[in-house]
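Letters A, B, C, D, E and F mark the chains as written, and numbering starts fresh at 1 in each.
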Amino acid sequence: MDVVIIMDVVTLGETMVLFVPTETGPLKYIYQFNKHIGGAESNVAIGLSKLGLKAGWISKLGKDGFGDYIESFVRGEGVDVSQVKRDENHPTGVFFKERVEIGESVVYYYRKGSAASFMDESDLDENYIAQAKYLHLTGITPGLSESCCRTVYKAIEIAKKHDLKIVFDPNIRFKVWDDKEKMKETILDIISKSDILLPGLSEAKILLGSSDEKEILNTFLDIGPEIVVMKVGENGAFLGTKEETTHIPGFKVKRIIDPIGAGDAFAAGFLAGLIKGYTLQEAVKLANAAGAFALTVKGDVEGLPTWEDLLSFFGNEKGITR
Amino acid sequence: MDVVIIMDVVTLGETMVLFVPTETGPLKYIYQFNKHIGGAESNVAIGLSKLGLKAGWISKLGKDGFGDYIESFVRGEGVDVSQVKRDENHPTGVFFKERVEIGESVVYYYRKGSAASFMDESDLDENYIAQAKYLHLTGITPGLSESCCRTVYKAIEIAKKHDLKIVFDPNIRFKVWDDKEKMKETILDIISKSDILLPGLSEAKILLGSSDEKEILNTFLDIGPEIVVMKVGENGAFLGTKEETTHIPGFKVKRIIDPIGAGDAFAAGFLAGLIKGYTLQEAVKLANAAGAFALTVKGDVEGLPTWEDLLSFFGNEKGITR
Amino acid sequence: MDVVIIMDVVTLGETMVLFVPTETGPLKYIYQFNKHIGGAESNVAIGLSKLGLKAGWISKLGKDGFGDYIESFVRGEGVDVSQVKRDENHPTGVFFKERVEIGESVVYYYRKGSAASFMDESDLDENYIAQAKYLHLTGITPGLSESCCRTVYKAIEIAKKHDLKIVFDPNIRFKVWDDKEKMKETILDIISKSDILLPGLSEAKILLGSSDEKEILNTFLDIGPEIVVMKVGENGAFLGTKEETTHIPGFKVKRIIDPIGAGDAFAAGFLAGLIKGYTLQEAVKLANAAGAFALTVKGDVEGLPTWEDLLSFFGNEKGITR
Amino acid sequence: MDVVIIMDVVTLGETMVLFVPTETGPLKYIYQFNKHIGGAESNVAIGLSKLGLKAGWISKLGKDGFGDYIESFVRGEGVDVSQVKRDENHPTGVFFKERVEIGESVVYYYRKGSAASFMDESDLDENYIAQAKYLHLTGITPGLSESCCRTVYKAIEIAKKHDLKIVFDPNIRFKVWDDKEKMKETILDIISKSDILLPGLSEAKILLGSSDEKEILNTFLDIGPEIVVMKVGENGAFLGTKEETTHIPGFKVKRIIDPIGAGDAFAAGFLAGLIKGYTLQEAVKLANAAGAFALTVKGDVEGLPTWEDLLSFFGNEKGITR
Amino acid sequence: MDVVIIMDVVTLGETMVLFVPTETGPLKYIYQFNKHIGGAESNVAIGLSKLGLKAGWISKLGKDGFGDYIESFVRGEGVDVSQVKRDENHPTGVFFKERVEIGESVVYYYRKGSAASFMDESDLDENYIAQAKYLHLTGITPGLSESCCRTVYKAIEIAKKHDLKIVFDPNIRFKVWDDKEKMKETILDIISKSDILLPGLSEAKILLGSSDEKEILNTFLDIGPEIVVMKVGENGAFLGTKEETTHIPGFKVKRIIDPIGAGDAFAAGFLAGLIKGYTLQEAVKLANAAGAFALTVKGDVEGLPTWEDLLSFFGNEKGITR
Amino acid sequence: MDVVIIMDVVTLGETMVLFVPTETGPLKYIYQFNKHIGGAESNVAIGLSKLGLKAGWISKLGKDGFGDYIESFVRGEGVDVSQVKRDENHPTGVFFKERVEIGESVVYYYRKGSAASFMDESDLDENYIAQAKYLHLTGITPGLSESCCRTVYKAIEIAKKHDLKIVFDPNIRFKVWDDKEKMKETILDIISKSDILLPGLSEAKILLGSSDEKEILNTFLDIGPEIVVMKVGENGAFLGTKEETTHIPGFKVKRIIDPIGAGDAFAAGFLAGLIKGYTLQEAVKLANAAGAFALTVKGDVEGLPTWEDLLSFFGNEKGITR
């Protein structure tokens, strides 16, 4: 196919096979696991595609059955996977969720030496990125390896050259970083190069040491981004721009099945809102709704809403108008 | 995307959600079913895509969760689904397999009034078909409804106009035809318009009343096609052309898990062979191998081999050379 | 068997195989489904049988494995199935539940052209109906087909001739009616012929356009029935007769597992109360309790309480005396 | 119901809940089990009912969920369960199958002190037995308890008084007998009172010490029965009467899924043949076929064929004519 | 191995295979069950081992696959099983949980005549018990059989001779006692011989007829034990000694998955606290926490916390200091 | 515990969590996986323990739920795990089996950087090894890492010092070795230091380049070992000593469920035979039988026979006498 694509959003990162226990309780005693997929960036790309936008995902997978699965799944959801490379020599990463009713749910990664951790600058096609409107990045990728970190910086460079907006979600994962100080430093540096920042409150605390929402927003705005949307769980989000700081309340869900992936749904909802021409506040409202949907399903991507889902959700909840 | 696609094969037909019992035995007593997909034409398209070719699938699905599933699954396998329409008013068809160890496995269709049965000529994009090399059709589609029958004839007309080769698999399904005489008549008529015919032996008997392989091949060749490849189960296939009639032996499988879908794998293997430039006899050998793979897995499409699978299979079996 | 049966209640309607996903979430992503049965009228018949009464169910099933399953299941629960016919030419209907945590759970029917939709007046045995005390009907059956609608009217005629009380549950299902106006008209007409009416509040709104409980009860009483019991979810029910209008509070359940089938449990509880000689108010209390039981189990019939279940329930809750 | 029943066959014995491992291998490591039912006599009753005959089953079950399950299941299959009593004080028996690929599959009983072991003469209704044509008994019931043994003898007495034919299947189960000598003695004594005897070859060896088929048949015929049909596994059966001794070959099955229950299917097929007016040899042929069906399914009763199944089986196999 | 073991706690009692339904609802309709283990005393032993202490379990199991499973499982958890005997002639007991959302969850025992019920005094090794610090007993064991009752008394005698502290949990199970009066009498008698008593509030009511916590504690203290810790569900526990009576509040759990086994976790937590040198009040706090963990998992032992779990729990909850 | 242990066999190596697909077919399409354990050395240790011997396993596991599982499982099987260390910083390895009906089943390792790969000489306790009779090693461990390779050599040194017999199974796994030449060299070097060698025929071909059984045996005997037992699949094994070379035929299995783990069962059977005092030829016969058992079960260790299993197997097969 000789194709002229116009992507709304291009994103870059690792996706792994996710094994979800069929029961809650310590991993030690679980007998059955179901195969799903997980990866912050492909979650966002899938979320955007389900909301009707064009998203492309740049990544590397092992040349193995798990890589086949992920590639087919993501393509199936309508995301462009033409930039996904396959590596004969390194495996597709996998991870396991432990679902407990007491304490925090934990994930166990098997991604050291994975195909994705070998991504480097040569995996980026400048022309591919150039034709998009937004570049979406998370703080996970630079922690995967030296070459992944360089790849992120190269992508930023290309984006800036071609006037893409850079959207950054810190997505702090202590487990992928060997050096916590380097983590903080790198993430703050990428924030300084971003246009839109989507941190969670606890991440902001780690990065800035402050718990005051307004202070956090202002500090981030000073560092670089022109839009900061900070997620505060079920309470929704705070929106900060040079002009104003607003709290936009979230939507309560009867029963939270799985909190993981809600931040990615939020990012997809917000970007979809922006690209479809909604106001910033409306976009955050859409993001809150998308996040609520994601809380209700076990996997990372299965709960991501379609645009029809959101329309029917707001058909009841009112108040979103173009 | 403004795209100039060059499809190797375009196919047209209904795909349904297939529910496979987790145990063998009468449907009456089965408690658990797993969701898969099934549809002769999409099976072939997926088979071709896994073998490295470009295939497009024209169809109609309900605007429902099952339609979402099928569309994503087929797209995920690399098949072009740009010509798959979604119908708000009619559901995606479903069917159930009964897997028994004594007697024949039976399928139960719920496809009356399905979205696909409402396909008509207006669902065909002449430009889309025109750019392909082969049009693949089966004898199922004309039996689905009057409008489906007209659609098949319209597709043949377009194919002939644009010099596509027409590949036809009779795929006789008594359950989809109300009038058995009309079935025979229609299928024979389409055969007369086809370039390549891929019948099974039992189908040939139904259509021609003969059990003599050579006689069958010659009769079919007289009716119209220039190539007839008749499948004779584990014994492989008979290849007939104006020039010669050959028997090409099949490959034995240790344990047949599910015979359904093997014919579609055969078609994919044969077409892949032709398009990749193999001789007719080599193409049949590839078809036999692809059919053997399909016998070893429960669903219709999960057993379809990749090109790597075939290469490694013939690495052991020898004898296939370009 | 040469049998003289005295049925407490005879009911008439379609039952289908119900496939319930093993997980919550969009149908698109569900892999496993479990087989159950569902059908408002057989739910009520089974509910009555579990409460110790004699119930007969008139229906038509396909001559297939799913029909075998339903016939055996319903007979197994103690319901008389001597009036269930089997159809060689049309299949047993099936349907799928989508269980979601956000938005409404939806069902997907595959019942167009089902065996049951071909029921007609000739399937009614006047002698069989004549020996019963109550005829139970729902608003689903007249919507299935023209012949089903005639069958309902014929059953009403027979019931009136032999002095059976007619119990009607509107059970509005938009999906089975092609013409919504005809639906309203038909249901109101059947109400005018009924002795006991068991609507839900939202159904009453659709039929009468009012949300005022007292006004609704009085309007219905004016149309024909001498007893109206309107269900208002967890809040219980309103009982209306010529003499009085009372609210009878319901029973809270810790966790609602599946709301579908609760109305049928309610009908069974109410009829069981009446037939066992309880007062109207006590019968509604029993109905509320039966409805609460049904909320706690996934399938339609598995949660229907036995009489021992209700006795032990009221052993704790007090206040029901003969 | 005031009923005049004419049963073809009445049988008497214990039925238990059967737990079948989802995987093969030592019970120690199996995690999942599926619930089925098992009991030689109810297997036969269900087999007869599926073949179109009227069968009644006399038994006792606990007043518990497992008893509810068995009662509903057996009733659902069309067997008359009006003589099944429920015991408040003793549980329904359960047992577990161990399915192994090496060595013999073993069953583990939990039936000591079960409700059924408390059956006694007072549980027999003379009028009920009197109206039947055949009384079916196995050698399991007299081993369950003293009172069960007395019940079997009382049933024989009633059968003789009312001219029922007594059909006896030794069904030797060492695990239910405390005293092996008493077992042999009792079973031989019941054989002497039987009209039709249906032993297996290995059972004959245990009882008579001989392995010579003709000698075995003649010895049994001398002891009492007028018809002896001895099962010899896949090789079919030997038929012995005063007049002749014949070997009637069995039907091979591609893959034996579970041998347990095949003898009961055989008994049902044979009795159905006799009652439907087939010759003895035809009846054995039907019995062989029924046994073959039962081998192909995991549970005890799910593989029992319907009459339609047998007709279609002999449609291929030929040779059975009324 | 010639071993000098110093056990912290030795316990004595029956453990059975526990079958847990995969779904909630009446046992009648459940198809799948998962295999776990259950037994109050081995639960406590496992709980202690997970908390870092040395525990030994004296018991008898059948020489069967279920016995193999239990022995391996308990040994695997680090409990000393050198005193577990295997019985060729009697089976390992089994039981089934019914998990319902309305009413009480019920268990169904199949333990009559089990291997464990044949334990007697000769199964006790005085030297083994002598080397331990605590003897843990429950009120279940003396109800299993006469010989089990004698075994408990013999164990008490040995414990007193060697200065072990006797810890007693009444664990009233009506189903194991034929004579309810004897049950009360025996349990009160064992209480009079115990040093530490761990009753539940409802048990105390049954034994003493009082509902007043202080009165209960004082009455028990008068009977014999020097420490009484009475569990009051989610409200925690009351601690009574000669010196004082204190209420120590419990920990709320978001969702109680399965209440069974929480009392055993409590016992393990309390004993671990004592043995590790915590104060009585701290030990009760640890016991409350251990009980909370056990509520969140389906099986009996899978939810028992490790010492690391408790440390991290109190890392958040504060207030426990050595 | 202050313990004087006398181990029959001590072994050393990595064990991982093994995920087995519930269905056959490409990993890409599998949804459910069950958790098992796998590791050649712990397989042998478990096999020995089930055969009644004392075995100790030296290893390192992550301080995570999967490590907890493996440690408990192996201890549960009666293997001494006192020398298993837990690593806070590196995870327990995992691997996945792909079960296919066509081509070879493949395993996918996630063991790079696992806890076990960080074992080094300091993890060996000389006193622990010194008290055993045999040291069992495989060719997997030296390939895991440099430090693992040194650990193996150190263990050999200790064994030689304390007169343990060294049993070596080459267990060639190309996937764990970066350098194939080094693999060959290392394995041949360890063979030269071994007393008993247990290669497979295909491994012998890789190492020696020969396919002639006698030649292979003699070459190996020349290199060092005094006993060589070479496995030739279902054909059993060749036994070679200085004195003689014998072929000892294997036992056919009806259906091979999973070939993986059969070599470990063979090793356990052979060592058990030797230690129990059987002749070499009898020990190989026991090894063949143990291997046959292992073929019939899906996991690696669940099919390992107990001594009772072997006795009852040879009860039928005759010919093994002490």
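Note that in this section a residue touches a chain if its C-beta (ideal position, glycine included) is under 8 Å from a C-beta of that chain, and two chains touch if they have at least 3 such contacts.
Note that this is a predicted model, so its numbers are computed, not measured.
Chemist: When the contact pairs of C-E are compared by residue number, which of D-E, A-E or C-D has over half in common?
Modeler: A-E
Chemist: Turning chain A onto chain E with a C-alpha fit: angle in degrees, nearest 5?
Modeler: To map chain A onto chain E, rotate by about 120 degrees.
Chemist: Whole-Å distance, chain D centre to chain F centre, using C-alpha means?
Modeler: 47
Chemist: On a C-alpha centroid basis, what's the spacing between chain A and chain F, in Å?
Modeler: 44
Chemist: Roughly how far is chain E from chain F, going centre to centre by Cα mean, in whole Å?
Modeler: Chain centres of chain E and chain F, defined by C-alpha means, are spaced 39 Å apart.
Chemist: Could you tell me which residues belong to chain D and also touch two or more other chains?
Modeler: Those would be 26, 28-29, 31, 34, 72.
Chemist: Can you name the residues of chain E that touch chain F in the complex?
Modeler: Against chain F, the touching part of chain E is residues 1-6, 54, 72-78.
Chemist: In their complex, what parts of chain B are in touch with chain C?
Modeler: Counting only chain B, the residues touching chain C are 19, 22, 26-35, 64-66, 68-69, 72, 91, 94, 98, 108, 110, 112-113.
Chemist: Taking the complex as given, what residues does chain C use to touch chain A?
Modeler: Touching chain A from chain C are residues 23-26, 28-29, 31, 100-103.
Chemist: Using the touch definition from the top, list the residues of chain D that touch chain B in their complex.
Modeler: Checking each residue of chain D against chain B gives 34, 253-255, 257, 292-293, 296-299, 302-303, 309, 312-313.
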